[in-house]
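Structures follow.
Look for chain A in each of the two complexes below; its partner is chain B in the first and chain C in the second.
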Partner chain A sequence: MIRYVAWQAATMVAVLIGAIALLVVLTEFIPGDAASVLLGSRATPASIAALRSEMGLDLPVYQRIAMFVFNAARGDLGTDVISGRDIASQVFAVVPNTLVLAFSAILLAALVGVPIGVHAAARPDGFFDRLTAYISVGLISTPSFVIGILLLLVFSVRLGWTPVLGGGEGQGLLARLHHLILPALAIACGWVGYIARQIRASLLDVLGQDYIRTARAYGLPNRTIRYRYALKIAIIPVLSVLGIGIGDIIGKSVFVEIIFNRPGIGSLINESLQNRNYPVVQAGVLVVVFLFVAINAAIDIVFAWLDPRIRERLFRAESA
Partner chain B sequence: MTMDVTRRQLLRSAAALGAAAPFIGMAPGAVSAQDGRLVVRMDRDLQNLDPGNRTGPAEVNVILAVCQGLVKPKIGALDYELDAAASIEQVDPKLIEFTLKEGLEFTGGYGPLTAEDVKFSFERFIKPDAGGKKVAFADDWAALDHVEVTGPLSGRIHLKQPSAALWSVALADGSGAIISRKAFEALDGKIQGTPIGSGPYMLSEASPGSQFVLKANPGYSGSAQHFAEIVLKPIPELKTAELAFLGNELDFTEISPIRMAEIGKTANTRTVSQSGIDYVWFGPNIARAPFDKLEVRQALRMAVDVDAILAGAYNGLAPRANAILAPELLGYWKDAPVHRRDVDGAMALLEKAGLGSGFRTRLTILNNARNQAIATIIQANLAEVGIELEIDARGGGSYWSLGENDASRDLELSLVEYPGKTDPGFQLQWFTTSQIGLWNWQRWGNAEFDSLHARAGADTDPAARAAMYVEMQKLMDESAAFIWITNNVYAFAMRETVTPAILPSGANLILQDFRQA
Partner chain C sequence: MEVVAAVWRSPTGRVGLILAVLLVCGALLAPLLPLWPPNRIDVAARLSPPSAVHWLGTDHLGRDLLSRCLFGARVALGLSLTVTGLAMVVGTVIGVGMAYAPRWAERAGLVVFDLIGAYPTVILALALVAIFGPGVNNLLVLITLVFVPQFGRIARAQTMSLRHRPFLEAEITLGASPARILFHHVLPNVLGPVIVLASMNIPFVITLEAGLSFLGFGIRPPLASWGSTLYDGFIYLDQSAWPAVTAGVALSLATLAFTLLGESLQGYLDPLRRSRA
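Take a look at the complex of A and B:
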């Protein structure tokens, strides 16, 4: 198990270094270079040279990669040349908002999607199963920003129940939760459908297993069998999909953050791209890559810990 | 009909109601300009509040509320009024004399505003810093030679050459903001987020991505502020701003002109529209074949239906532009020819240019809904004369990068919208030969145009300048390189209690002059 965790950690570091190398190399393809882009058309050659040196752009690519890795490892992502603000503090100020949004959306989707999937699996091809199948496909295929705008129109503009703007910064927990409802719902809607269909398929598979038949033979109620015994196993492939889906959710959070004007890593990257503030874009992308890799590694480790079959395979590999 | 409710169901319902209870009644209360607080939308986050290194109009709006200039723009007229200056006079084309009002104090305990601060604020535009770096807006004060301090509150601005645009581009704009020399030195020049001025408001909260709050400056010696607090919300997406206004979270916002009627019907709401001084046009890169031929450019101009573009992309709300300068501006060309669509004429010209069988080309646009609509109409128009158009829609970063390092050299056709300022020289400067490779994406160069631009900029006689600017527009028209669409129209929504102060550019708000109706 320790070897497995160490292997996951090493993979994570390798992916991050690869991402940093890619980000540094990509800046080479910006027309001119980041310094002249930032200073604009009025820049003098002297000021461009000074800024190039300040940003380390005059160094060879391999040195810049090494410097970026070294600085990023210390939490130093550089200084925003436009605003003069520390980039790390800008990024880390908004990352919690994105994480809270992403995990709230997943939680909300799971809370709604799992019972729907279980109920649909109870009577395959029944009315509820067919109805949820249509609704699920509809939700999966509707972009989150469309759902977001519709939710805003209904709940904020028409009914006045929820706020439109921001994440409730500087306000109490309840206000923050209040600001979270619609954005989380906008992202969660698509995932509700997806989770429901996944749970249904996985559960139908598990319900056909021998140990479930045995449980039935013992006279356990169907509800207990489904929720207490079958769901535990059926949910594992869904969790695996959710781990990979975190990238999709962070991607969707960009649109949702823009629509709801929430501070977050997505809106920060988007605004920095509009301003051609490439050092902030680099830092933001690096943090997103880190989150994606770290969450997936954590999920893999948890699976290995939870699932006896995965553990067994690992132990066999370790003893071989 | 009976309804059986189990104890468990009852408990669940109670729990659900309990969970929802804290949120009931928590919807944002209607913002109200009446309680002395004004909530205004900004189209972007504030990046840099240093007057010399600002990045856009949103920052100018804040700089002008926090700092004073010698003069400030006059609302409702293309004119200026006194601000920090008790008097200011253009003594001759190269000399401006000023006297400051007494008792002006910088916030933060940085002392009185003196002529030394004026000298420091203006001369830092022409003097590179220790690292050889000039401020981003150095060109605004390019005509400045030096500021002579003749007394604690008086001085003389000496120019290297006459500059008619100096008043609108520098003195009454962000580059004319007077900052405290003492504060600048105490903060080691890092004033990007800490503007120190003597104006009616102080920046009391800066939460990037969330909000910026201006509080009335109690030490301000001018007339009383109309609002105790102005909250600025950075909302890049116009649609979100409209929804926030409808959700009562904003007192004032720009809206899409096509939504004016609908938004205007909501309670406690007033909408206004204002014609702009921007310039929206499209045209070819004349250094690239086949657009190096005059006949092809003329054919292009004949093929496009500008009125259809205005109807389709602007819902008929924006007036047509026939030349670059808007009617409000000095040098407006009243008799500019109106180029109507003539499909047969365009095809004849293409035939004459040896392109009777048509050709393929690419139109590069900034990707937004309006530009997409314009491009689609142009595409349909050109298809009728045999020109197959590919639309290259780019995001802001990629699109505006075309203005650097000659990145525009490979462009074929481009659709562009530039914001205008009140001096015509500002609008026309981007079409000079020296701008080729920078912002003159069409690579059109004309020696006579360049000469007229230089002369008009140095002439302080308005009538003579106006005549020169008309001549310049005639040269542009003869080139057939520019297909003007509109000078734009802006629409705004506000609470009935708010009287706004908007400059002709549409993007510049004089926040300190917003009033309660």
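Take a look at the complex of A and C:
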């Protein structure tokens, strides 16, 4: 197990270094360069040269990669030239907002999606199953930013039930939750459909197994079998998909944070892109990649811990 | 034809097929239909609700929404079909090539795929388009780049699993040329899963284009795009809901059509399911 965790951690570090290298190489392609773009029309050759050396743009690419990796490892993501503020503190100030949004969306999706899936699996091809199947496809194929705008239109603009903008910063817990409902719902909708379908398929699979028949033979009530025994096993494949889903949710949060004007990593990246403030973009994207990779590694580790076969498979494949 | 018949047999596939054909026809015929020109500005009629003159109403510049929606379909469908096709071809060639390449080259290819996969798709596409600039051509190349690894991985895995199957080894022993092995045995077996992935990819690309255009990094105005219409509609949401709703519905119908189509195609092409049926 320790070996497995170490292997995961090493992979993660390698991927992050690779991601940094890619980010640095990509900035090479910015028309002009990051420094002159930042200075805009106020630029003079002297000020560009000064800023270039301050940003380390005059160094060769491999040195910049090494510097970036070394600094990032110490938690230093550079200084924002426009505001003069520390980039890392800017990024980490908004990351919790995005994480709260992402996790409440998942929680919401699971709370609604799992019971729907279980209920649908109870009578395959019954009325409820068919109805939810159609609704699920509809929810999955509606982009989150369309759902977000429609929610905003109905609940904020027309009905006035929820606040139009912001994340409820500096207000109490209730106010923050009030601000969270619509954005979380916008992200959760597609996942409700997805989770419902996955749970249904996976549960039907499990319910066909011999040990469920045994449980039936023992006379356990159907409800107990479904929720207590079958669901526990059926939920595993769904959890494993959530790892990849984190990337999807972070991507969606960009749009949802813009639509609901919430501070977060998505809106920070977008804002910096619009201002062509590439150092902040780099830092933001790096943190996103870190979150994505770290959450996936954590999920893999949990699975390996639950199921010894997974960690053995990894090392067998390695030695083969 | 056999495929179309199979898709038509499933109720969801039928809905998807009808919607997709309508969308494609609307997109292809848009310049021929008696519509308002998509870029005709009529400030006097800005943000008007649906009427006999403008069937779906107008946007904040008084442009006809029905016309912009149909012309937006040209961009959305053209781009998503081209991107998916390109990514499919490039990814399959690279993937099959990797399976036959020397070990170091295969490893290197996998590292590059993993690296691209380490970025959430939307974030990567956003960063690339922001750096290289918006516009149809850039979007085409950059989004293709983002999706190539998925096709490459699946093509490689499929080829690897085929390589040591007894029927291929028998064929090699019988003296079949590498070209025959490749085109007669490997490619047909690789294409099934690749086509399934492609069909699931189309709605994703449609959403991605709309999303990038929504953020202002996609299609450049005044070219009509559902994403930019949606953004403008979002900005003027308190004055008129029609632009946002129209663009949102068009976009959702398109993704729904291709999702349904992809799913029924998957049911048909998945060799396991077919042999079971």
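Just so it is clear, the second predicted complex is superposed on the first by the 304 of 320 C-alpha atoms of A that agree within 3 Å, B and C clash if a C-alpha of one lies under 4 Å from a C-alpha of the other, contacts with A are read in each partner's own complex, and residues count from 1 in each chain.
Note that a contact is a pair of C-beta atoms (placed from the backbone, for glycine too) under 8 Å apart; a residue touches a chain by one contact, two chains touch by 3 or more.
Please read these numbers as outputs of a predicted model, since none were measured by experiment.
Steric overlap between chain B and chain C is present once the structures are superposed on chain A. In the superposed pair of complexes, A:Gly160 makes contact with chain B only, with no contact to chain C. Judged by the touch definition given at the top, the superposed model places A:Thr27 against chain C, while chain B stays out of reach. By the touch criterion defined above, A:Val5 reaches neither chain B nor chain C.
Contacts of A:Ala19 after superposition: chain C is touched, whereas chain B is not reached.
Contacts of A:Ile149 after superposition: both chain B and chain C are touched. In the superposition on chain A, A:Arg85 makes contact with chain B only, not with chain C.
Of the two partner chains placed by superposition, chain B and chain C are both touched by A:Ile258.
Between chain B and chain C, the partner in contact with more residues of chain A is B.
Of the two partner chains placed by the overlay, chain B and chain C both lie in contact with A:Gln274. By the touch criterion defined above, A:Ile140 reaches chain C but does not reach chain B. Only one of the chain C stretches 4-12, 40-48, 76-84 or 166-174 carries C-alpha atoms that clash with chain B in the superposed arrangement, namely 40-48. Counting contacts as defined above, chain A residues 30-31, 149, 152-153, 157, 258-259, 270, 273-274 meet chain B in one complex and chain C in the other.
The touching residues of chain A, when paired with chain C in their complex, are 15, 18-19, 22-23, 26-27, 29-31, 137-138, 140-143, 145-146, 149-150, 152-153, 157, 246-248, 250-252, 254-255, 258-259, 269-270, 273-274, 278, 281, 285, 288-289, 292-293. Interface of chain B with chain A (complex): residues 22-23, 26-28, 44-45, 47-48, 55, 128, 131-134, 136-139, 190, 192-193, 207-211, 233-237, 239-240, 243-244, 246-249, 395-397, 400-405, 407, 438-439.
Here chain C touches chain A in the complex through residues 12, 111, 114-115, 118-123, 126-128, 130-133, 203, 207, 210-211, 214-217, 230, 233-234, 237-238, 241, 244-245, 248, 251-252, 255-256, 259-260, 263, going by the rule given at the top. Of all residues in chain A, those touching chain B in their complex are 30-32, 36-37, 39-44, 46-47, 50-51, 82-85, 90, 94, 149, 152-153, 156-157, 160-167, 169-170, 174-175, 177-178, 181, 258-261, 263, 267-268, 270-271, 273-277.
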